[in-house]
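Structures incoming, each one as structure tokens.
Each of the two complexes below includes chain A, the first together with chain B, the second together with chain C.
Right after this comes the complex of A and B.
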């Protein structure tokens, strides 16, 4: 009973469409937004073909916020799904592409309207992550309710129905395809989202296409048990996507996959932003300082005598 | 299992009976039972509605959801106060003969142990820098099960092995033992005792009032969660020491009451001194077999682990105390886990249904490049569930009724986005981040400015 009946899973993809990411992609040899989308579509199709029950949601994140570009009709409330099925054609890949281009065009339009103020700005990663988790949470709630309902109508005892439903829930994964650098001011929100994902058993995979490693994504993958990957050859993105990220968590344990190398858990102090491995923490607000202070700079508490306790 | 999968698939063409089932299941998932609902007005039957087939519809869920929101709001309102972030809690589990009663299935002791295990996990989730110890009341004495430590699995493993019941409960012995253990903790720590009491009587060797006074002198906060009925001595003990006393009405209630103790309590003035605590932020060592070293007090030869930055000793896990120099070792995510108590999401305000008629689009106020299925509707900013009853069109038809999310709609005061009830409670209880506020332009994000400023500093350096 530990595993889901069939091996289907839900994959939510986050695509970074911020201007800085697009600029970066354009400067990478052999990779542009066009080829990135093409490769992503092949991956999306492969994922849907792997299992009939696989569900997909694609989000885009830009500087103005995050949007849902596409989701499988089974991700919607039943009535809305029926309506959507009537409206849309049969090929999901076309829908995905349409949604993505729409979102990218929208971001570009917003940038133009804002007078180019977004130039160089990063994506709203924290907003996107929290919104995707809200989306996944509503799916989980709906699945739990449906499972509990089935249990009740099946005549089985209601005790433990909810917990059984939680245990058998379809595994859910997030895949972040980002190229923009981390924004330090989003730290708390991103960490809150990561902890929330960890608690609800959502894996966060990350594929960093930009320059340098992303500390946020590294921590996200490490804490939720996902994979963080920075491809050596971004132009072969499809290869990475298909061979690493198309597999669900239960399959991964049988494979040798690129592991998380090294995650930096060191803190930086609030006073000088220096990276420290030995510091002082205010016991009231948990602010980190690199030296002994007479009063806390964040919450203003007076430390009697200012002596650090061991 | 196959049957359930089939029902899931049929769920799309759900008929009304199944919808009712779903509501009921929903209710159950939230742990509410019929008698917990507030029947303030005697005319509860008037709320019952018939649908077009003559079937009874369940009474309006909005009221129940409102009651739950009220709790959320009070939690959000109290979030600005100072809390005891570094807690040292002794949990006392009553395994006297009263715990062998079977009014909770299968046994009180089993239920209590299950709830306690959940509490231990949640406690370390919410308070990663805190420590917890377990004490058992049995045969008139208090036995120490585990010392104060910060490893949830160790506590739970010990707890699973010890579930024999018998004899009397002794509150005084428990109190003395706990207060004695809490004497030696550092002054910035908050000292707490949490008692799960099944018994209705206590068998004490002396005057319990003296023990209560001693606990008060040591600034120990004593809280009690009772299983049977309210007992005066517990009421007095908790009032004297500034704790809370609650009695559970059932298993679900017991769980709720225990889990409410997992959140850091407000710090009473003068209960503990605030100081700067010296802490180390060690790096993780590689897991390669060649990098093995002796780890921790038990000197196990193993790779990985963390190196204390002060004395270079290896410890196996974080957070912990260095076994050589006694330095507290934490990772920055542990601190970040507590920041949501300090920078909470503002409470959302409920939006009356009439107001919903005019608005369309994502979250009610943002022109979004919406997927086709939601164009022309209002939908929740978080989960894209359509919100509210739509004016015109199919109106009262079945489709429209089930399209709208059941229950109330709320709005974030800062970013003005609309959320459904599910998302509202998820954001406040688990996520602690409003997706709408996160993408406000910087000049609008006044309320989150403080959080952002602190966050900028807290973020580990990139790269």
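Right after this comes the complex of A and C.
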């Protein structure tokens, strides 16, 4: 792999703000919500200071969906970027804080207005992942278009063209800060998102703050080449963030980092969305079922008295 | 079975012959005999072969066939599975080596035979490879494996080593066949003395042989005429006159474009014609074997004979047909020469006495004459044999009618063409496959949403509709409250943060340094669970320093144990799956030794309890122990399976 012109990267952070996560985090000794958020903001500042070209996006994920709380001005379309740059101060932490407040308040208001039409207390992890991947894809498309435009117009903006070409290959990664348990019913959607991330070369890092390990995040990190970490001492979250997740992919290959020792590869069945250890797989479409069926629910293949492969 | 009192080692269903003529039956193998009995005695006769009489066994890779060659004729058996076949081959190999084993020991370098080095050779090998010696001592000398078993897994290594030793000590290599010079016949150049008009040609037995092979018409003419109607010298004079004329003509043709090879000497012309006819017939035969659906331009190169290369872009040559025939004749010569060189020197002829080298024909006419005739006769005999072979092949290929493609062959071609170009057979496909009927993906996500509505803990819907609704309502209300609480808690936390005055230090420095330590060290949960703080301390050392505490003698010993274990495991896995009694027996033996080895490793791991040395030794030996455990688990499963199958039989 060719070295990038600089070591800048794009980091998209997913913050789990679902009720179950908040309840869990609030009950963690020595780590109040306030300190957690403060440490996150310090990490955000540190990341921005590491490299001038570093770009940041922060998303919140709750039960009712995913919100973009903040993104660097260079992530916005040129016109909006100029406007935002004029408004903004110097430290990104202030902007992130403001964005988080707006996102959470907005969601809460929408939920109140909508009444009881929401589902569950866990976060919509699959939709959040998809949203972030779409965001990254739009950035990539814009960079590609800018690079093509710079090439066409020739000497019109040589420096702009060059930076666009660099941005086009800027490595991108996601960092998921979650505390809510996995929702087995999201299995297919999450796996699809993971595979799309894998295809588009987006690393998924995961920092699991909740109870137990998250099978989804383990698989995501494993498949995309990211790092899955479950901190033993969540009170010092910042130290974990700074020593593991602030590093970009090209730097990581020179370091010994905590690896993904055990990955839980269990799948959810397609029929009842239960997590299963052992199941039945359709020989035609590879759908997974927890029980023997006379015919595949997905593709309708007849198993002739249940001769599906175990 | 009545006449053989020996125990039967192997009984498997096997067909005799292949294809449509195959007859169902059973193959039985005893210590000395292979016996095949038809299941229907009216269809075929029982065949019995002495194993010692088998000269060669051939196996088709990937197909369950075996061919046993004997002096009386081959026996072709088709088993139901490849593993059956392999078992039979194993058995035959084990029954057979009694005699040839000693021969192999004496003369290494033989093809498929098992190589076992002599004591001196083994000592030399051990000198080179100390590890080999230690493994040998711990397994063969200790009686766990036999000498043959030990060396069988190392055949290629052994062969290389012995070849290396052999080439140093001189000469066990097989003799290489002498090739033909690749100089063309045109190199038999006339030499002129410059004073008279005479030219001299020099012939050697080798060049004569080459002429005969490359110009079959000369060979035939020689056989027909020489002893009777003309003598040796007259014949060769005639030949070279014609040759000289031809050379001169070819040289001239470039300028004048005059004539081809039409004005042949009448001595060779009839044979040439005969040969042409034969070639034409052969080309036609070859065409018959070409699948027209694959090779449309198959006949293009055939007119040049030999089949090595073709005239490039001959059609667009400006020189016209005449020049083309001339070029054709040269191309034909080149092709013929190439074919002869590729076929190699006919055996026996290459070894002929080369005393005639460079001597003039006139001076050694007598000897030459004898040589030449012997060459001609030997060559004729060889060609006859080859011709018989090709004729047999041709008649087999073209069943019955010589000049047309058989209908079944044509059908086969057509089928193949149809299957290769399957986008041309539009409607057939739709008839063959049932389309995959993927249900609407929305149903999946709808059910997902329903499951979400049930709550993340997957509450099962109750039967009472009303109750369910109520439950859902209360659940939703509770959740909505929880969500509002969470949002307000988060907002409160966010409000409390002063973005421009973030706390310093952000977290407890001691905690942070503990985290740095935690992240930068090896974690081995199992070790830490087993050894507690000792393991944690031992793991903090960098990997290269971990052997420091351990004595070098112990390390050496552990290394030998590891080598031994690996060798045992290799032999053990070679016995899997347990398809024959012999394999099962060997595997049982090996499994017992592996168990002992496991115990030994475990005792090593228990040594020096509570010390960091124990942790390090455990780290070194644990993968081995796991490998043994896996092997033993597999063995138990296999043995159980085998027992069940035997009970069924």
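We take it that the second predicted complex is superposed on the first by the 240 of 310 C-alpha atoms of A that agree within 3 Å, B and C clash if a C-alpha of one lies under 4 Å from a C-alpha of the other, contacts with A are read in each partner's own complex, and residues count from 1 in each chain.
Rule of thumb we're sticking to: a residue touches a chain if its C-beta (ideal position, glycine included) is under 8 Å from a C-beta of that chain, and two chains touch if they have at least 3 such contacts.
Only a predicted model underlies this, so the values are computations on that prediction, with no experimental measurement involved.
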Contact breadth on chain A, by residue count: chain C or chain B: B
Partner chain(s) touched by A:93 [first = chain B, second = chain C, both, neither]: second
Touching partner for A:270 - first (chain B), second (chain C), both, neither: both
Which of chain B and chain C A:285 touches, first, second, both or neither: both
Contacts of A:298 with chain B and chain C, given as first, second, both or neither: both
Chain B versus chain C as contact partner of A:219, first or second or both or neither: first
Doubly contacted residues of chain A, that is, touched by chain B and again by chain C: 181, 184-186, 188-189, 270, 273, 284-285, 298-299, 301
Chain B - residues contacting chain A, complex: 1-5, 7-8, 11-14, 18, 21-22, 24-26, 28-29, 82, 85-86, 105, 125, 129, 186-189, 267, 272-284, 286, 309-310, 318, 326-327, 330-333, 335-340, 342-343, 362, 366, 368-374, 380-386, 399, 402-403, 405, 420, 422-423, 426-427, 430-436, 438-439, 451-463
Chain B partner contacts - residues on chain A that touch it in the complex: 5-6, 64-71, 76-84, 87-88, 99, 102-103, 106, 124, 126-128, 130-131, 133-135, 137-139, 141, 143-154, 158-159, 161-162, 168, 181-182, 184-189, 191-196, 199-200, 212-215, 219, 223, 262-271, 273, 275-289, 292-293, 296, 298-299, 301-304, 306-310
Residue ranges of chain C in contact with chain A within the complex: 436-439, 444-445, 447-449, 451-453, 455-456, 458, 473, 476-477, 479-480, 482-497, 499-500, 502-503, 506-508, 511-512, 514-516, 518-520, 523, 525
Complex contact set, residues of chain A against chain C: 17-23, 26, 32-39, 41-42, 45, 62-63, 91, 93-94, 96-98, 100-101, 104-105, 107-108, 111-112, 115-116, 118-122, 181, 183-186, 188-189, 231-233, 235-240, 243-244, 256-258, 261, 270, 273-274, 284-285, 297-301
